[in-house]
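Once you scroll down, you'll see the structures, which are given as structure tokens.
Shared between the two complexes below is chain A, which has chain B as its partner in the first and chain C in the second.
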Partner chain A sequence: MAARVVKVARPQPMTRRWTPLLVGLGVAIAHFFRNLLGFARGRQDFTVYFPEQRFVQPPAMRGMPVLVQMPNGKERCVACGLCEFACPTNCITIFPAETASEVERYPEVFDIDMSRCMFCGLCEEACPEEAIVMSRQVEIACYSRRGSLWHKQDLLVPEAELKPRLDYLRPQYARK
Partner chain B sequence: MAKTVHVTVDGRTIEAAEGAPLLQAMLDAGIHIPHYCYHPKLTIDGSCRFCQVRIEGIPKLQISCNTPVRDGMVVKTDDPEVHTVRRGVIELLLLNHPLDCPICDKAGECWLQNYSMEFGAREGRTIDPRRKRGKRLDIGERMLLDQERCILCRRCVRFCNEITKTGELHIFTLGDHSKLDIYDDARLDNPYSMNTADICPVGALETKDFHHKIRVWFLEETASVCPSCANGCNIMISAYRNRIWRLVPRRNDEVNDTWMCDAGRLNYRFVADPERLRAPLVDGAPATWNEALDRAAGALGDFRKRQGGSALGAIVSPHLTNEENFRFGELIHALGVQQVAMAVKRGPADDFLIKAEKAANARGVRELRIVQGDDDGIEALLGAIESGMVKGLYLCGDDLLETVPADRLERILAQLELLIVQTLRPNPRFARAAVIFPTTTFAEKDGTFTNHAGRVQRIRKALETPAGWLNDGEIFTALLNAIDARGASFALDRVWGEMARDGNVFSALDFNEIGPRGMQLAAAGK
Partner chain C sequence: MLGGGLDPALNAPPMRLQFGPSHPATHGTVRIVLDLDGEQIINADVQVGYLHRGFEKECESGFYYQNIPYTDRLNYSSPILCNTAYCMAVEKLLGIKTPERCDYIRVIGCELSRMADHMLCLGSSAMELAAFTPFLYLLEARELVLDHIDAMCGARVTTNAVRIGGVYSDLPEGFREFSRVKLDRALELVEDAHKILTDNIVFRRRMEGTGYLSPEDLIAYGVTGPMLRAGGIALDLRRTQPYLVYPQLDFDVPVGEHSDNFDRYLVRMEEIRQSRRIIAQCLERIPTGPVNVDDPRCRWPGKNQVFGRMEELIDQFKLVTEGGLFPPGEVYFALESANGEIGFYLVSDGTGKPYKCRVRSPSFSNMSPLGHALKGRQLADVVPTFGMTNMIGGECDR
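Here is the complex of A and B:
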């Protein structure tokens, strides 16, 4: 398959080089002084005690890609294969099939090899149906290689649970 | 020959035959002109209005498909008005086009997608809802129609009127209400119906066979030749994950224009048949290739010593390539075989593409002078086995199963002392075979076929065979080396070198010069 280079227009702040650098530096410096102050006052917990403690990640966080499950229990995916093509690590395998319902096509096989997935989110970006999105799930270590091959049934997550991510995504794709 | 004329297109002078469509002349010169309704093998329709260009001296833009070239014509394609027209055509076509690309089988090779990306506006300007039409209509045994996707180019209509002359399709009603459909009393069932899916520039006509199967951008295409009848239509094998997903015709004006028959197009499943032999069988039990070769060479050598080579018969397969059959000819010559025959399955034929002989290379076997007689020696060989003169048989292919009545075949096979078979699937009739080698299909090897008219055409390997696998030619070569201590190899150019020295009709051709259109054998020969 021939590789293609696509130039993506990034939102403004990213193209101005210095602003994000300074913002990041500011955050680091602020943390440094806050921790220094805390240390001086005898503070003990400088980190989250995982797994007893967890914090809720922001919706911008990209965990493992999952499939959106519609309220009727079916996947939203129509097996168009765009994520499969967009995926830089070739870790998605789809075999489409036909149904009698109005949306005539569905993935009979939808596998993601999580040991190869790098959480880049290009699949989510390619999907024309909002059917694959990046979840907050990152705890996916397992003991066998086979275990890291996720099938369609394992990947389905109810739409309601993915709402924060979907709400975060939608404005980004809005048409001008 | 028509006179050659010169036309200037955007300042560049191109040559064309006088009277040829200007569009074709520009396409032949490598100038990219968008078009939908024009097809080189169909009459001109002029319905899509996409191919318009400016011609000096004519006030309005002209459709280039319906403009014959004249000497000295000056054409402009890079013209603001031409660009406006192209954008307009795309916008009009997209007014009512469904947003089906994610589930449309044509996506990726769709002319509407490609041209919209190239010439279309990025945003639609309409607010009206899209027109509803029939979707997934079952219009034939092998075809589906989606009227919403149709852009009314009438290519399919012309195909059914002009090529198959069956006329099942028509565009009904007028203007905005126009829609493509079949007549009430007709279904799109003609033996060439699936070509309409190829020529349909969009995903309106789809084959049931390829419906929702695989995205076209994953397919790897290999130029080859259809193995299903003696016509030898040129095809592309579309493979993905070492499996064939479809066969599509490839243009060759000497053989099949741009068409192929439905039966040939659908005849690829045997390649992935789960029943296929995946390893040789020795006395009915799976064995390694070396065991099988040793056993076959031993049995053949032994048989020749005891009974003499003339007690051995051979049946050549019309499905194997010229090179393989040439090598088989050498093998049976080395064994001293006298009785050689070929079994060819026959079926319906017509006066267009479909030929009665349902094998790709029967003519090649005859041209190699391996078999003689009107029935390719079959009666003589079977008679010789029945009379006990021939007691051993080297059988390539299983066409015999369908050309000889079952009870006769049963008796004949039971009479044999030695049977060596090369076949696709195991069959209870071959239970007594000393060795059964798996045969290799057209998609898994390189070589040439000779079609009914004596055109030698290349087939190319599209699928990988398992490690250690030997194709038929390599089996023959290994046996020849074992029996005759030759040290021959089955590299194709070496085989062609030997074929040339042998002095048969193929010696006039050069293997490396057989291009995508094939090469015609000299008129001599049978």
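Here is the complex of A and C:
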């Protein structure tokens, strides 16, 4: 039960010149036929032909952060600012405002600069309201730098659409 | 000095060749200024620093937890190793012990990263020596390894998988089965690449005997990792300064004896197989239990409590906005990354931000004897020697 030191086995000095080359060729030919027959039997191609085909992402996948929209159309965010604090790249900007109920706040402005966001997920981890979560969206290319600034209205995603992510996160909430 | 072909009477200066900063045969942004006499290298001046992003300074302006994603960008071919090294340095500062399940998950992540790193190194070195087929096999194998990392933490490269006092998430369900199938396939591909490369006359002629560094030089320059072990020195921090659960695991530390590029290649090949063994053992033995320490100084509380209880909510606010409670002091912690000893030296002044964070990056020390190894050799030796140094710009230049 411990690490042992072993010498790597260095192959013999080259005496045969051609056989190793033929072995290598054999490996390549075996791959060729395996692929050929595999495709005939419906083997999945290793290359994914994006965008016609999509890579199947695992449940843990972290895409861009989005805001959870409650069924009443409002954001769940209470503008506490923790995500703004936690973000290493300072790409979140929040201007809080008071709601009519006087005890609650809401973000009047909630901007994320996606050109700086690195999808690290710290904002999601910091949020005490489950209001910002990582979506599966990664296709956010845009034509201008202005386009990479996402405002609150663009960031809101209905809670039902975020179900896979919330289902992934919730079992982990129980941790001590 | 200018012996060989240069005739002083002709007064011909050696040819100066700029190899890099962005050269198709160097997988990293580095410049090697070569003085050539025909094909022979009279002098090689290795210039690093093209990828300097100020990681160490940046760390000083972020909380301890905010620097974890930045460590992904150090060695971007094996980020979990950097994450783990950084988090364990901070844990050493705090003096906490992580739960056993967390340690196992970290070892699995580390070994997966090591495999991915070696596969990329061997594949791209083979490609630079014109062997394109094994490059594709090895990259396919690397993709299969990255699938694991993806399933573990949700990102393939910028993992951000380890936390101070825990890990980002527990292993997904069915990970063992998933891993058995995928790693078997990946190892098959590695063996295929091994069959093509190891005995191949062209590959061996270019690897054998080139890039020689004597064991004394290796030690004098502070070289670590596969490069040092290829010189016959069995320094592997997993064995000599055990951390995490490595003492309980059964694995081999391969060493070479010729200290040339071919031994470095063989050591890396063998390490991929050993990593596979380690992962299999870990998945066999991994205990159940928590994956995060219960320490309000550094680890954020579980969300269930944050949603429902005032104390944990306040704790969450304090930890996020103040970074945590860290004792003043200084620590150094190093672990064995794919390229050698990666260490973090942290100075804490008692606030939530490190006062100083210094990285001992293996690539930097591994690069320093490169000029020495190249001197007097042929121009064609630059490519395999540089490939087997496996310099990662992000880590070397920080």
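One rule holds for everything that comes next: the second predicted complex is superposed on the first by the 125 of 176 C-alpha atoms of A that agree within 3 Å, B and C clash if a C-alpha of one lies under 4 Å from a C-alpha of the other, contacts with A are read in each partner's own complex, and residues count from 1 in each chain.
In this text, a contact is a pair of C-beta atoms (placed from the backbone, for glycine too) under 8 Å apart; a residue touches a chain by one contact, two chains touch by 3 or more.
For clarity, every value in this text was computed on a predicted model and none was experimentally measured.
Look at A:121: by the touch rule set out above, it reaches chain C but stays clear of chain B. Legend: residue contacts after superposition of the two complexes on their common chain; A:160 is shown touching neither chain B nor chain C. In the superposition on chain A, A:21 makes contact with chain C only, not with chain B. In the superposition on chain A, A:130 makes contact with chain C only, while chain B stays out of contact range.
Legend: residue contacts after superposition of the two complexes on their common chain; A:82 is shown touching both chain B and chain C. When the two structures are aligned on the shared chain, A:141 is found in touch with neither chain B nor chain C. With both complexes superposed, C is the one of chain B and chain C in contact with more chain A residues.
Once the two complexes are laid over each other on the shared chain, residue contacts for A:6 go to chain C alone; chain B is not touched. Annotation: chain A residues 1, 80, 82, 85, 128-129, 175 touch chain B in one complex and chain C in the other. The touching residues of chain B, when paired with chain A in their complex, are 101-103, 107, 123, 136, 211-215, 217-218. Interface of chain A with chain B (complex): residues 1, 78-82, 84-85, 95-98, 103-105, 128-129, 175.
Partner chain C is touched in their complex by these residues of chain A: 1-11, 14, 17, 19-21, 23-24, 27-28, 31, 46, 57-62, 80, 82, 85-86, 88, 118-122, 125-126, 128-130, 134, 169, 172-176. If you check the complex, the residues on chain C that touch chain A are 62, 65-67, 69-70, 133, 137, 140, 143, 147, 150-155, 158, 160, 168-170, 172, 192, 195-201, 204, 234, 236, 238-239, 246-258, 262-263, 266-267, 269-270, 290-292, 294, 300-304, 306-307, 313, 316-317, 320-321.
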